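To keep things simple, chains are lettered A, B, C and D as they appear, and every chain counts its residues starting from 1.
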Amino acid sequence: MKKFVNDPKNYVAEMLEGVALANPDSLRYVPAYNLIMRADAPRADKVSIVQGSGSGHEPAHVMVVGRGLLDAACPGDVFAAPPMDYVYETAKLLASPKGVLLLVNNYTGDRMAFDMGKEMAEADGIRAEILTVNDDVAVQDSTYTVGRRGVAGNFFVIKAVGAAAEQGADLDEVLRIGRKVNDVTRTMGVALTACTPPAKGSPLFELGGDEIEFGVGIHGEPGRERRRIKAADAIVDDLLEAVTGDLPYRSGDRVALMINGLGGTPISELYILYRHAHRQLADRGITVGRSYVGEYCTSLDMAGASLTLVRLDEEIDHLLAAPAEAAVRVC
Amino acid sequence: MSGNALAGAELVVRTIAETAVENEKYFGDLDAVVGDGDFGYSLARGFEKLLEGWDSLDRSDAGTFLKRSGMVLASRVGGTSGPLWGTAFLRAGAAAGSTEDLTGEQVVAMLRAAAEGIKARGQSDVGDKTLLDALVPLTDRLEQEFARGAGAMEALPAAAGAARDAAEATAGMVARRGRASYTGERSRGSVDAGAVAVAVIAERISESWQKRGGTA
Amino acid sequence: MKKFVNDPKNYVAEMLEGVALANPDSLRYVPAYNLIMRADAPRADKVSIVQGSGSGHEPAHVMVVGRGLLDAACPGDVFAAPPMDYVYETAKLLASPKGVLLLVNNYTGDRMAFDMGKEMAEADGIRAEILTVNDDVAVQDSTYTVGRRGVAGNFFVIKAVGAAAEQGADLDEVLRIGRKVNDVTRTMGVALTACTPPAKGSPLFELGGDEIEFGVGIHGEPGRERRRIKAADAIVDDLLEAVTGDLPYRSGDRVALMINGLGGTPISELYILYRHAHRQLADRGITVGRSYVGEYCTSLDMAGASLTLVRLDEEIDHLLAAPAEAAVRVC
Amino acid sequence: MSGNALAGAELVVRTIAETAVENEKYFGDLDAVVGDGDFGYSLARGFEKLLEGWDSLDRSDAGTFLKRSGMVLASRVGGTSGPLWGTAFLRAGAAAGSTEDLTGEQVVAMLRAAAEGIKARGQSDVGDKTLLDALVPLTDRLEQEFARGAGAMEALPAAAGAARDAAEATAGMVARRGRASYTGERSRGSVDAGAVAVAVIAERISESWQKRGGTA
């Protein structure tokens, strides 16, 4: 396995230690619960914003803890939801009189852990609400299945609720905003290579030299279908088709456009994708009001990218523009 | 099935734990085909945790022992498997209660309770291509065997065989739960990792039972 | 080739268009010279800071144009120095009465292009100085060869001279600061995989499944030697050995520590490297005063990392802490 | 070498340009062994640029034509090769001056000037494992051939052969200039891309000259 790794079992713990050592003033690390939290959290005058999810998606979510973003993140192992205990203990540590918002990407494991953790926290008298993010248009037929996944678009929910909480909004208001942003956010992803979970030590699947996986999530699982590789512009056309067809986004809309790298794709390529997406949207009368190019939610070392659109209105625009700070730059 | 209920529960849980740890790579590779490959890792780490605290688990009775085991899995193990397997153990323990000896019917009732727990927790059912598709056929067969008067020494291998057949048959199904479900039609053609794990575990329990030399 | 690319010949131009489209207010793009410049440059009260170099190192340098950093970057093709004309035209466009500082990573092609470009600019009456960056300790025996390469450590030179120029320092002062920072900056890199230049379409070299290249530069060329892969901590030990042995850095020193990703390595792994480096330095009595973890200077999609140390004093610390803004976050 | 100097210069430059464009991949692969693989791309794009403006190049005389070509390469082509090859063309053009007919000695003087330009610009010399290690032996042989009275038809293939042998011999050298120099001892064992390019070009020029049917 070609990775910088010691014992794969310590992958997450060692990464978190690194994050803590690099940010000694702003962050606090609680090893027992894989917990990275703001040094100044919880604050009595602010709803605490918490997110779990598996590891392997960095910077999501442990490196997005900071002013105007998350108050804490408690990741599980690579691609595995955190144990219920982590959620419960995190909720206790972050308990604010204004309440705790638990952000959950829509996966079975994460939902179970957060549902149970929330119940236990509530039994302790902590006020908590769950907000489920599900922006992935690759998952269809959602009545039969577990519904859409939460993928890179969760960044916009985090950013908006983080800003609202920082401005003093109460729990109901923060929840309203989070749902509103989730409702106008859509993502579609494509992988050029499989990723290698450190504990597995080999790629999750094999792709031929000219094959790509279209409609992938962020856990290295194969996508909706396998296709032949195409020119970058043609891939963008396919992603845009899937995304714009879904909400839909219309001529006259103003949007935030995110090109998210899945981990192994250099930023030069992301800007090549961005270029065509921006122009194609302009051709449809859709204005890109805010641009996000870089890594927001990854699948370890997977080469690939996802495209996210958020339909902006004045309220969302204002929240996305609010100041924010984290271990890595995300805005 | 006769003999001391607690000793039986201990043997079964220990066998499950050891099977999970030993098959980490195999189960993980099965999950990698259309899933995200973490099943073996999650299960192995989870049961390792259980084994770490093995000696200090409350052994008041078989039911309590199973419930404590379930608590460790449900609360301290991540992924989808922690809560699902934990719930299964909790429910099985509750069904066992404080009985000292377990009848065949009680064992079947415990397995039914475990399956119902998984269904509730996972919002899933037979036919969704999950471990339920091995666990439920296994339970059905066990019930039949006991009903026709078979003892554990005979019923267990038969049930393990049913689980194995059912696990193999998941290859023909389309996943509707778990990470594999996101690939839709593409999940057809490969077996479900959880179902195979149930079959492997059933086989191991059956063997252990023979070795232990249960009184039939 | 598994890349998001259209015609490889347009790789650089399309990336630059993307950068310009994503930053319409702050940046200006001049296609004729591959030029990305601050929209408000040149300013009469400020030395202009300019850097060239090949492409394929993104975010270096076109995404590091902004307040407190570069005023302009004019990259060449992938891994190829920019033509002399680009340098000359850039110097003309950025000509400030306070002068132009041309930052050059120490490579033959870059030095030739900047030497000639500077001569031509001077013939037009533009005041310009060249500052050569050479932080790579992998290159030994420098009397026989062309000397040390400029690699990821160039970020610290950019940051310091950018801050000084922003604060109004004159050209001599900016040059003094740049030289001073370069003198206390050392870098060593390691590659886990080769990279694939888009025009070549295949990896530059083949590495076995358990092989790494130790002492690599940033152009995808093989390194000082091929070694067997080791645990992350052991690789950090080797990098630290090469870097600390060179300046040397001593007990009691305060340093900036950078773990730079080469393009294909996820940030989780970079933090695993950071953790051990930080601790090892602490064991030697060296305090990490400033931390930099992420991608600063890459080799396309190469998996790998480099470790940079900068010996801090009050002046350098202050300049590194000064505010800065660019298309990607670098501070 | 006789005939019209400008026509000769045009043929030579055009042949170099075509050779560079046609061998983009080959030259790039050679540079990838211990260098950064961009040599073929840089050279091809550079000479494409030259060919784009081909018809509008100043053709007052051979010297001017070569100098203009060199200007395009030196100023508008990136990498190490743009300035080096541009300087070579500039110096060769300066050496040619406004002569109408070129003698063998003049051609040799032009090549010497080109090599000296590369040495000055690249701070390099024979023995550093660069294109100089093919260009200088080529020039030496050409000088010998002309000195013993050979005509171009005979001298050119001989010089091309010398360049080829010299280029192959670079495999035994350690690079001290160019990107390959960073690998130190490891650069031994593979030929220098620039030197091979000189050999390939010399062979092509020799062929073109035969085809054109120069008057010996």
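We take it that a residue touches a chain if its C-beta (ideal position, glycine included) is under 8 Å from a C-beta of that chain, and two chains touch if they have at least 3 such contacts.
It should be emphasised that the depicted structure is a prediction, and the values quoted were computed from it without experimental measurement.
Visitor: Please work out the Cα centroid separation of chain A and chain B, and write it as a whole number of Å.
Guide: Inter-chain centre distance comes to 33 Å.
Visitor: Rounded to the nearest whole Å, what is the centre-to-centre distance of chain B and chain D, using the mean of the C-alpha atoms as each centre?
Guide: Taking the average C-alpha coordinate of chain B and of chain D, the gap between them is 75 Å.
Visitor: Report the inter-centroid distance (CA atoms only) between chain A and chain C in whole Å.
Guide: The mean C-alpha positions of chain A and chain C differ by 29 Å.
Visitor: Approximately how many whole Å separate the CA-defined centres of chain B and chain C?
Guide: The computed centroid separation for chain B versus chain C comes out at 55 Å.
Visitor: Indicate which of the five shapes (line, ring, star, complete, other) describes how the chains touch one another.
Guide: If you draw each chain as a dot and join those that touch, you get an open line.
Visitor: Please list, in label order, each pair of chains that touches.
Guide: Pairs satisfying the touch definition: A-B, A-C, C-D.
Visitor: For the complex, which residues does chain C have touching chain A?
Guide: 2-6, 11, 14-19, 21-23, 55-56, 58-59, 63, 192-193, 207, 209, 212, 229, 231-233, 235, 263-275, 278-279, 288, 291, 293-295, 298, 300-301, 303, 305, 327-330
Visitor: Report the residues of chain C in contact with chain D in the complex, numbered from low to high.
Guide: Listed in rising order, the residues of chain C that touch chain D are 9, 54, 76-86, 88, 107-109, 112-113, 116, 138-141, 144-146, 149, 197, 199-200, 204-205, 217, 219-225.
Visitor: Which residues of chain B touch chain A in their complex?
Guide: Listed in rising order, the residues are 28-29, 32-38, 41-42, 45, 74-84, 121-123, 176-184, 186.
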